[in-house]
Amino acid sequence: MPPDPSPRSELPDGHVVPRFAGISTFAHLPHSRELHDVDVAVVGVPFDGGASFRTGARFGPQKIRAGSSLLRAFNPALQVEPFAEFRVVDWGDVACSPISIEDSFAQIEQALGEVVRAEVFPLVLGGDHSISLPVLRALAKRHGPLGLVHFDAHPDTWDVHFGRKYSHATPFRRAIEEGLIEAHRYVQVGIRGSLPKASDLDDARGLGVTVLRTDDVVEMGLNATLDRIREIATGRVHVSLDIDVVDPAFAPGTGTPEVGGLSSREIVRLVRGLGPLELTGFDLVEVSPPYDHGEITAILAANLVYELLSTRVGRMRPKG
Amino acid sequence: MPPDPSPRSELPDGHVVPRFAGISTFAHLPHSRELHDVDVAVVGVPFDGGASFRTGARFGPQKIRAGSSLLRAFNPALQVEPFAEFRVVDWGDVACSPISIEDSFAQIEQALGEVVRAEVFPLVLGGDHSISLPVLRALAKRHGPLGLVHFDAHPDTWDVHFGRKYSHATPFRRAIEEGLIEAHRYVQVGIRGSLPKASDLDDARGLGVTVLRTDDVVEMGLNATLDRIREIATGRVHVSLDIDVVDPAFAPGTGTPEVGGLSSREIVRLVRGLGPLELTGFDLVEVSPPYDHGEITAILAANLVYELLSTRVGRMRPKG
Amino acid sequence: MPPDPSPRSELPDGHVVPRFAGISTFAHLPHSRELHDVDVAVVGVPFDGGASFRTGARFGPQKIRAGSSLLRAFNPALQVEPFAEFRVVDWGDVACSPISIEDSFAQIEQALGEVVRAEVFPLVLGGDHSISLPVLRALAKRHGPLGLVHFDAHPDTWDVHFGRKYSHATPFRRAIEEGLIEAHRYVQVGIRGSLPKASDLDDARGLGVTVLRTDDVVEMGLNATLDRIREIATGRVHVSLDIDVVDPAFAPGTGTPEVGGLSSREIVRLVRGLGPLELTGFDLVEVSPPYDHGEITAILAANLVYELLSTRVGRMRPKG
Amino acid sequence: MPPDPSPRSELPDGHVVPRFAGISTFAHLPHSRELHDVDVAVVGVPFDGGASFRTGARFGPQKIRAGSSLLRAFNPALQVEPFAEFRVVDWGDVACSPISIEDSFAQIEQALGEVVRAEVFPLVLGGDHSISLPVLRALAKRHGPLGLVHFDAHPDTWDVHFGRKYSHATPFRRAIEEGLIEAHRYVQVGIRGSLPKASDLDDARGLGVTVLRTDDVVEMGLNATLDRIREIATGRVHVSLDIDVVDPAFAPGTGTPEVGGLSSREIVRLVRGLGPLELTGFDLVEVSPPYDHGEITAILAANLVYELLSTRVGRMRPKG
Amino acid sequence: MPPDPSPRSELPDGHVVPRFAGISTFAHLPHSRELHDVDVAVVGVPFDGGASFRTGARFGPQKIRAGSSLLRAFNPALQVEPFAEFRVVDWGDVACSPISIEDSFAQIEQALGEVVRAEVFPLVLGGDHSISLPVLRALAKRHGPLGLVHFDAHPDTWDVHFGRKYSHATPFRRAIEEGLIEAHRYVQVGIRGSLPKASDLDDARGLGVTVLRTDDVVEMGLNATLDRIREIATGRVHVSLDIDVVDPAFAPGTGTPEVGGLSSREIVRLVRGLGPLELTGFDLVEVSPPYDHGEITAILAANLVYELLSTRVGRMRPKG
Amino acid sequence: MPPDPSPRSELPDGHVVPRFAGISTFAHLPHSRELHDVDVAVVGVPFDGGASFRTGARFGPQKIRAGSSLLRAFNPALQVEPFAEFRVVDWGDVACSPISIEDSFAQIEQALGEVVRAEVFPLVLGGDHSISLPVLRALAKRHGPLGLVHFDAHPDTWDVHFGRKYSHATPFRRAIEEGLIEAHRYVQVGIRGSLPKASDLDDARGLGVTVLRTDDVVEMGLNATLDRIREIATGRVHVSLDIDVVDPAFAPGTGTPEVGGLSSREIVRLVRGLGPLELTGFDLVEVSPPYDHGEITAILAANLVYELLSTRVGRMRPKG
């Protein structure tokens, strides 16, 4: 992190400053809470109190930052320099309570609200999947009901979990009920694994959601999958990516691993293909560092954030 | 595990009882040794005294049980609720001796014999691959000579290992010699890696066994592979799955890892494709927890047991 | 676990049944929820939603059970066979909610209430330290206000944590306020490390609590420490042991590690020295398996439960 | 390692001598520095002082040797027994300085020079990628300018790194400048990930190098990729394989992991396809054991060395 | 890290902001390179190119920062609030070259020079032990020849290492030769383990250095050891602490572990006892995260920095 | 390993040849099976088929060798250069069968017999504790009945284990029965933990064995313990050290860990104190690398072998 605290997204030259040196921010971007003149903010949401199996995602933002230290300026696949086109900062973390999901939701919604009101595009690092609900609350308050591209092994559209309305298994049903997203513009990609009830996928589909199971993606191929995503996710759209959409071989560090998932090459291609969408925000959740090894999950997560940002070039107009 | 000890395969509701809570049985099934009215039994065989490289598979049953805790009632790929159609119990482990392969074989054969005589379908959790011999002894005693679908990186049809007849490298030659399986109904799938002698595969083929190397599977594709399996494995058939058929990226926790293996998606599809066979039993072996990480091998193993069980619906008639 | 479900605390003979075989219960004790004729019950409380730093203690009961598999019948240090003198069962886990501390507290209090009302001595496996509050509620309802021996690196007597009354940092202030324990019969042992405010220890002392810091224990020696504990903890007494009282070298798998702690030899001796107290219950908390290695923390925890139980022989009268 | 120290490449019989027994040499080959009558030598170069991110590759040779212990005599994919056709020895390691890249380069060049002058084909185990420069110096001194097949996620053709000419990011630009390799006979395979500057790939291409990105390989397919490689790498050719060409799921133990890489099956097939080339040497670099798990990276590396050696049969004429 | 960038050492309230949240700086101190009005600066020196066995210490500063996140305001052992009495900042890391020890020494000396000239007390986080030489150069330039308290398992006073003058085994011989420290005011504490030559300790003693082996410390006791340290280290003094002075049980994450070392309790007491010395700086080196587990080494290191800082209260006068 | 294969125990200069370089032999000693002119041989016995809980000790010799790479020529505690006074070689491993305890015992006895008959002092690296029986058979054949100093957490004097006479729990009862050792000259040191039966220690004592429990050692102190050992272990004596005598904090990588053990400092001092005994051999067993971390157990084991060897200087007369 350069001594200059003003938000400018020039990365330190990795041929001069080693990648492992310095205060750990996302991609060595400057840390700042000043949002004036900023286009994009990386925002950590270290909350995992909504997780039903393995926790640890509260350390997700810290480790994704560490995993991002190898990111460099130029994305040759998309032929863009995302940090050069936008002013990107690492906003730091929302100080959400580890012991109360209600308090945390309020803190997250308020923090994201600040970011969104400043017309800054948020790249959110979770945390477990419950955090997508307050993120969507902040986004929908500004943008109105959104479309949603939701990469996940699990539908996360259950109604009640442990007798409660809020957990990492329910955010998108709540989001539909609250009018934050519209079911007909909502597509789930990568669903797989066993389900509590035979009716679960029908329930999701009954809500009007389009479900593309991993088997569907494999059968259709990636191009057709992207076509289908673009067909559904029209208008202003949020992207929520649960790292467990990827196979545990590529992303062991997660809370509810399901076998038979996408490869890293496949998920990178899918994220790169989101360029044409009119995105308003992005969250990447469920990275659980205590179960990671060789930091490969955190590195994959950091790259997916980078790829998503890269698709924004040309679509977003820098401020001022 | 619910307080009611009677064998009924209703899983606790994972939306009420957390998946990490309770005495660890396979998929939270009831633990019972009472086989009356039972259709399927999960039987642990924690023996690894036949392993020639890394050991640790004696902890396989314990960790596969832990890895199974996320399994849920409904299998959407096959559109079945396997635990609802059958009465499935976790029988526990055979108390086999860690220091004598001969004693262990006797203990395993006797325990499996009880299960088989009760007309209960065994889902066996190894242990190293040597255990398949006493398992086959018990099965063949009831069903006569069997066909065999054998997923593995290694042929395991050597004659002598360290000067002895019994080890994890010889079970299927013994099984042929003892008339437990018939070579022309025996197919090996996923063989790869270097071999002690140029004649090894010919030896296997000389026995009459069909060998589908991983390269063959990749070239033929999964559908043709399944067709070939079904062509060979006619009549009553046992399935033996060595987790090292999968690449170490997907299954690091195993005893003799070979690179270049199947992906988790591929093995899941192959297991799902066994539905048409007339199965009499299943064993899954060589999961070695000390070399696992993030429990991804154990979770994969648990899912493969679940998929195999799911294929039985419609083929097996529940008792009574 | 023997097929016989009746609660009798005979361990399987480890010279016949391998220690790694069988459904994993505490020390291979029978699993039962029937409390008639039972003297002591091991009760898992897999809740970690009150933890403020590393979580993972929800897997504590499962891993302490695994770590207990080497426990054998005879304790030579105390010259007793604890499982032979009492009928001890593994009751299983309280199905507490992972996403709500309030719901969990109710579930824990209710479950422990059943155990206590049946005049069964509870050996509670946590879980984070917040669970001690509902445990004490259940105990005090039956026994009246208790004394408390509290081994810990941290006082856990803060008032408010993240704006809330309940967390793993506040249980014992709540317990004093609710009249569950009496401050003048409450001794904290092993406190060390930095504190949020200079007044924190004075606050604890201001409540009337006796604080023996690790430095005090080292200076006084273990015998004098035990004398002091026995002086304070008169009458009916609960023991709560946070594994972080031990140094991270001996117990790395914990949530808020503090350097400079007790050794395993020291904590074993202190627990053994509790024999003269009139105990009503015991909880051992804050074992966090994702941060453990070689399972050494879980094994230490299991041994401390065993030592505590061993001190009861002679003090408790078996039922019926 | 058999007691007979003479260099003969008969492996101990793995059905008699366990694979985990004995002094650890590559594939249990004899250790010898006598090069008379030797055709191929495995040479360790444990230097990682040129690495810019994670180090640890200094332990690469030791762990690749351990990972090679499962290699057996016959390669069924290529239908050859490589150790039977050639006399292969494990030469041991170059004693290169851990604290000076200049001293190490001199030591490496001198040691490899001895090997090459003795007309022995070197299989070099790194170390970080900087070591390829002194290896090429030794090879080019004997063979003249070489072609190069370079598997890697990164181009390693930068000019200056941290203000210096020598590091693991610059060896091939130096090699071109020094006339050790010819750019038009140099192909990079597997390049991917973000780059410091938009001009980086153009720079490499500007040197005359052919760059096949991972995306290109996937699009062209493996056969077309191999055709392209063979088109470019004419005449005498060196092969340099950075293990990070493989995805971190298959090779987590490396210094600068990049997501979206090749699978183990793909890299094995590419290496096997190098048979038609006129090779003069091989190095495999950037295996970093501290970040490996289950030893899967080391095992993959050992297999790639074995596959490369297997392709030599028929192409090389044994000495004498 | 609060948005306010001005250097003030108020920690965020850990009862409000979770310890795992926020950009990772030492103890959540503000990150700043502005040294005006600053009393103490934490300075990372992520260089490990001087290490002769395991590397990885380049990740030391990052992981010690993570390990420091639990540090709280008040040190009850010394009854001080160190961050309240001084203005302490996290200066970040020196951007030293990973591939050249000469370049790195210049970068380190220059950066430390800035800190020292600003009359700021440096708390240096290594890095391997070679970095102490440029640190001492910067300190001695301002303060003149210093005394030295050197905690270590190894003397680090060798003359030549791999034919070179600079490595992690030679800094203190160089420092004596360059007049940066005075041998008669230099005490080594904790030396143990085997040595290359019988004359090695005599060599150190021949230089005039006092060597207190671990055996001496154990025999004398900690109080007498501290008396001896204070006798020798008169005048202005630097403290250099190699974490391997501690036993590998307490500090596994280090480069050249030696068994039979101090416990964490012992090293904490020794550091606390340095209060009476007239310190000018402190470095803590050789924390190697790839070999750490449960982060226990990093947490111990962070605590030792905190204890050292705590001893300064009363001895140092805050700036203007 | 120097190219010269003749057995001379000059270590490579660690200031010239890095410690991580070269074929891995114990302390970089030459590997040789030629015993003429040799005084001491390090002999690996990679057998763990007698282990009843965690296995993995078959990888013990390989990892202890790796852990020995830091050993240097001079032992300052004992003021000796053990490798300079004797000709010490690394003999390699006994090729014992992994699948048959009977075959392995024959192989071990034969190999050790060769060593002993050549009047070479064996330093045996296990393997599990069952191997001590064939080692003692070989030694007693030459030296007659021996005394025994046995460091262990467990008595290993059970009669029958899993219905068999041979396992890692029975070697010393067999050795007494076979007249290999004499019970009145046999002392067990460090016994602790729970026991299967109340009579177990009395059984051992009934055999005439002296049992010093860890509690006894702590109470008596190390000097009195050594006095007692020397009183009992008169005449020719074997030393057998099970690494689990040490606490799991210091030696996590072992098969049957027991809490409350010795520290590394204590065991080092006890081994150093064996100098006055008339030793004929030494074995160190039960190092299980899959459960080790940071290699701290292997490093401790290597140091204990080194300390034992160091005590021989002055007691043994070099050959020829």
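Per-chain residue numbering starts at 1, and chain names A, B, C, D, E and F are given in the order in which the chains are listed.
Convention: contacts are C-beta pairs under 8 Å (C-beta built on N, C-alpha and C of every residue); 3 or more make two chains touch, one makes a residue touch a chain.
The structure presented is a predicted model; accordingly, all values stated were derived computationally and were not measured.
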| item | value |
| --- | --- |
| Each chain counted as touching chain C and chain D at once | A, B, E, F |
| Proportion of interface numbers common to chain E and chain F (over half same, under half different) | different |
| Over-half contact-pair match to A-E, picked out of the listed pairs B-F, D-F or B-D | D-F |
| Result of counting contacting C-beta pairs for C-F and D-E, higher pair | C-F |
| Between chain B and its twin chain D, rotation from the CA superposition, multiple of 5 degrees | 120 |
| Relative to chain F, chain with the most remote C-alpha centre | A |
| Centre-to-centre distance between chain E and chain C (centres being mean Cα positions), rounded to whole Å | 38 |
| Whole-Å gap between the CA centroids of chain B and chain C | 39 |
| Sequence positions of chain D contacting 2 or more other chains | 16, 18, 20, 52, 54, 58-59, 97-98, 161-163, 247, 249-250, 263, 291, 293 |
| Complete list of chain pairs which touch one another | A-B, A-C, A-D, A-E, B-C, B-D, B-F, C-E, C-F, D-E, D-F, E-F |
| Contact footprint of chain E on chain D as seen in their complex | 48-52, 54-56, 58-59, 97-101, 103, 161-164, 166-167, 290-291 |
| Residues of chain F touching chain E in the complex | 13-16, 18-20, 69-77, 79, 81, 247, 249-250, 263-265, 268, 293-296, 299-300, 303, 306 |
| Touching residues (chain side chain E, partner chain F) in the complex | 52-53, 158, 160-163, 169, 192-198, 200-201, 213-215, 218, 247-249, 252-253, 256-261, 263, 291-293 |
| Sites on chain F touched by chain D in the complex | 1, 3, 5, 12, 16-18, 20-25, 31, 33, 44, 46, 58-59, 61-62, 65-66, 90, 92-98 |
